[in-house]
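Order of writing sets the chain letters: A, B and C. Residues in each chain are counted from 1.
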Amino acid sequence: MTPETPIRWTRKDLLGIAELSPAEIELILDTAESFSEIGERAIKKVPTLRGKTVLNLFFEASTRTRSSFEIAEKRLSADNINFSTSGSALEKGETLVDTALNLQAMAPDLVVIRHAHAGVPHMLARRIKAGVINAGDGAHEHPTQALLDAFTIRRHKGKLAGLKVAILGDIEHSRVVRSNIHLLNKMGAQVTIGGPRTLMPVEMESMGVEVAYSLEDAIRDADVIMMLRVQLERQGRMAFPSVKEYFQLFGLTTARLAAARDDVIIMHPGPMNRGTEIASEVADGPYSVILEQVTHGVSVRMAVLYLLSGVHEETV
Amino acid sequence: MTPETPIRWTRKDLLGIAELSPAEIELILDTAESFSEIGERAIKKVPTLRGKTVLNLFFEASTRTRSSFEIAEKRLSADNINFSTSGSALEKGETLVDTALNLQAMAPDLVVIRHAHAGVPHMLARRIKAGVINAGDGAHEHPTQALLDAFTIRRHKGKLAGLKVAILGDIEHSRVVRSNIHLLNKMGAQVTIGGPRTLMPVEMESMGVEVAYSLEDAIRDADVIMMLRVQLERQGRMAFPSVKEYFQLFGLTTARLAAARDDVIIMHPGPMNRGTEIASEVADGPYSVILEQVTHGVSVRMAVLYLLSGVHEETV
Amino acid sequence: MTPETPIRWTRKDLLGIAELSPAEIELILDTAESFSEIGERAIKKVPTLRGKTVLNLFFEASTRTRSSFEIAEKRLSADNINFSTSGSALEKGETLVDTALNLQAMAPDLVVIRHAHAGVPHMLARRIKAGVINAGDGAHEHPTQALLDAFTIRRHKGKLAGLKVAILGDIEHSRVVRSNIHLLNKMGAQVTIGGPRTLMPVEMESMGVEVAYSLEDAIRDADVIMMLRVQLERQGRMAFPSVKEYFQLFGLTTARLAAARDDVIIMHPGPMNRGTEIASEVADGPYSVILEQVTHGVSVRMAVLYLLSGVHEETV
């Protein structure tokens, strides 16, 4: 990316990190930087998206991501309309495509969607004119999470390239890890993933990351440690004998942090299982930037909503 | 109706089509016509109902009708507050009248209500000062659906009078059919309803329509075909042997369309059961105006909200 | 309280009546008085909280309190974001503190919370910067209910001091009664509580109220009668043989009203169980101010939102 020739955002949708160029990622992060200042004002609101309508379709439970998007939308003065699974036409046997086409016929400007099945946002994006933002599809991608993680790292380290990032825990069930690997690889960071063998899918080795099967190996000399939530609710069967045993092997404690760099930062996408994948002393300790991630999430989502709505407006 | 003496809207509520005059129906459709232009702007918002509060009370599952009303309300700049059954005072044993009186005491301007029991919106309208819009009461009426259907027909045919309209399918469980028969009769269209005998209530013959028991008889020379959703979720027992058998007898296919007029339009209130009452080739084919119905639904609901709020305002 | 030196609101939160001074209570009631005029306008909206964000966290079912807060927020032009239990991060095993910290990281200005456990709003208030309003915590406090009750009494009686107030019914399961006793005691009213012995906790005698075990004893010479809802949904076991028996002993009827003062007013926090704790003839009769309570609830909540947001703004 040459800073002399600033790029413009040309995509209708944000479906995953996999398809973004490093320049597009930097454009989102830089735009988020300019929006983050609004969050520090007494009146955290700008008229940027006044009169635009955003549909929030959450077909899976979510507190943090949904509220982050809603707050981002309100700060931009967009109108938003919220739907969850329960009470929806889908329960009456309608296909998702028909639901999509029907919502499209009401001419929203943007659709934010979370769904338990990978690929649903992509299918939607092909069928409707509105810009589609993937807010998590199965264990596939969760691009705004990876972007807010990158934003948080950049704030602390000033860069992404050359950093050693360890991602630890329940790799198999995490959409966060896939989006983060794509992003960190593209931006020149070096990623090591670690976790129990029973939660480590074989295809990971082909994603251009190092794989470690002990916490100590994974975090050695790490600039950044990202802990993943043990997705207790996604596991058909337990992949490890007990929560206690998981914590003994892969729980991040202060003692174990010694292997990492002195200025390491600790991240977690939430919701945390304290005492399972992370000790409270670490979650609340001096290296933790976990709550900053949440704050930056609003700025990053404002940036994405803004960039996508801009494209949409121009093609009208 | 004489165009020289334009009528004014004087009703507090919109409870059903049965009580409307042809002039009132035309007033709503003409008003919707003027609102439909807003839906084509980049900024789909006018300040008409700024500062007005609309309560959306959906005591039955709904995606399309609820989102259509919500979008209409936001486009008019109204404030809206949404309630569904779950978590409501009704679950604590309060009577619907008490819920109504309590909501009324908070002085909303308009109440949109969907309820599984016929007559609930009417009871509400008698008790409260706010204008009440029936968004579907049991198998009784769904007036805004009939109005958006009429709007869509008028757009394509330029008129309603003299048209042959076939309404097909699960007549017994449909509130849409009752509202549509009232409207089409009042406006001078000729209605034929068709469907299996097990789904055809005897009182239909007295509603001033022709009744056919085969799809072919019903759609012969039709200008408009309205397919009804087979309300699988409303039937205590199956009224036909199987979905496959229903489709063989009453499913609308391209081959069967030959009996209708060459410029026939195909409508469906949604959500569709593809392969049950309608083939995908017809739903997505050149005669289908199904998605236009959805688009026009927003304009019609804006018109109704606008007309009712005007009356309310004058009586303050 | 000396009227010559008007006090200023200095609290970050409104958690209970127990900690308020009489001057603070009067400040809220006087502020509500000035807001109540807005509810009588055709356009019930002022720009006071424009750009402020209010999170409504209802972890227990609520129609009336939630809608009252929502309407109050919209009338003040605040942006609001609504969460209920279902679909929340809490279901994924996150602690309430973490949910709180995460929401805080999104920088809302105010949080309205209802929760089944006493003390949850207090814990939240200690952890987050946003102002917290207790909208009901278990059987502990429900301060805005007591404030709207006091507002309603003041409107009718011109004062609170010296009045005889009878509170009747299911004392044990009521958060309303605790907040009301605190408030009425502080403001110089004389409180008698009455109800079945099985629903009368022993600690009540120490709260500075008279206790009566018959309806007649409780309401003798009362200026105000507050009926409590029999919380059928909160009782593990029935504390009385049957609804019919409860009504015979503690149901308020017109005949029984004779013992009270001629200008008595009848209140109920809702939702009412007609025929259990109150006869319809009383609920709908000339002494009832039950629906006025609901109307005043919006004004009182506007006042609380306004006062808390003012403090918050100054400390930014």
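Everything that follows uses one rule, which is that a residue touches a chain if its C-beta (ideal position, glycine included) is under 8 Å from a C-beta of that chain, and two chains touch if they have at least 3 such contacts.
Note that the structure is predicted; figures quoted are calculated from it, not measured.
Asks: Roughly how far apart in rotation are subunit A and subunit C when fitted on CA atoms, stated in degrees to the nearest 5?
Replies: In short, 120 degrees.
Asks: So subunit B and subunit C: same face meeting same face, with over half the numbers shared, or different?
Replies: The interface is built from different residue numbers on each side, given that under half of them are used by both copies.
Asks: Using the average of all C-alpha atoms in each chain as its centre, how far is it in Å between subunit B and subunit C?
Replies: 40
Asks: At least two partner chains per residue is the criterion; list those residues in subunit B.
Replies: Where subunit B meets two or more other chains at a single residue, that happens at 86.
Asks: Hey, which residues of subunit A end up touching subunit B in the complex?
Replies: 50-53, 55, 79, 81, 83, 86-95, 98-99, 101-108, 313, 316
Asks: Can you list the residues on subunit C that touch subunit B in the complex?
Replies: Listed in rising order, the residues of subunit C that touch subunit B are 39, 42-45, 58, 61-64, 67-68, 70-71, 74, 84, 86, 229, 232-233, 270-274, 291-295, 297-298.
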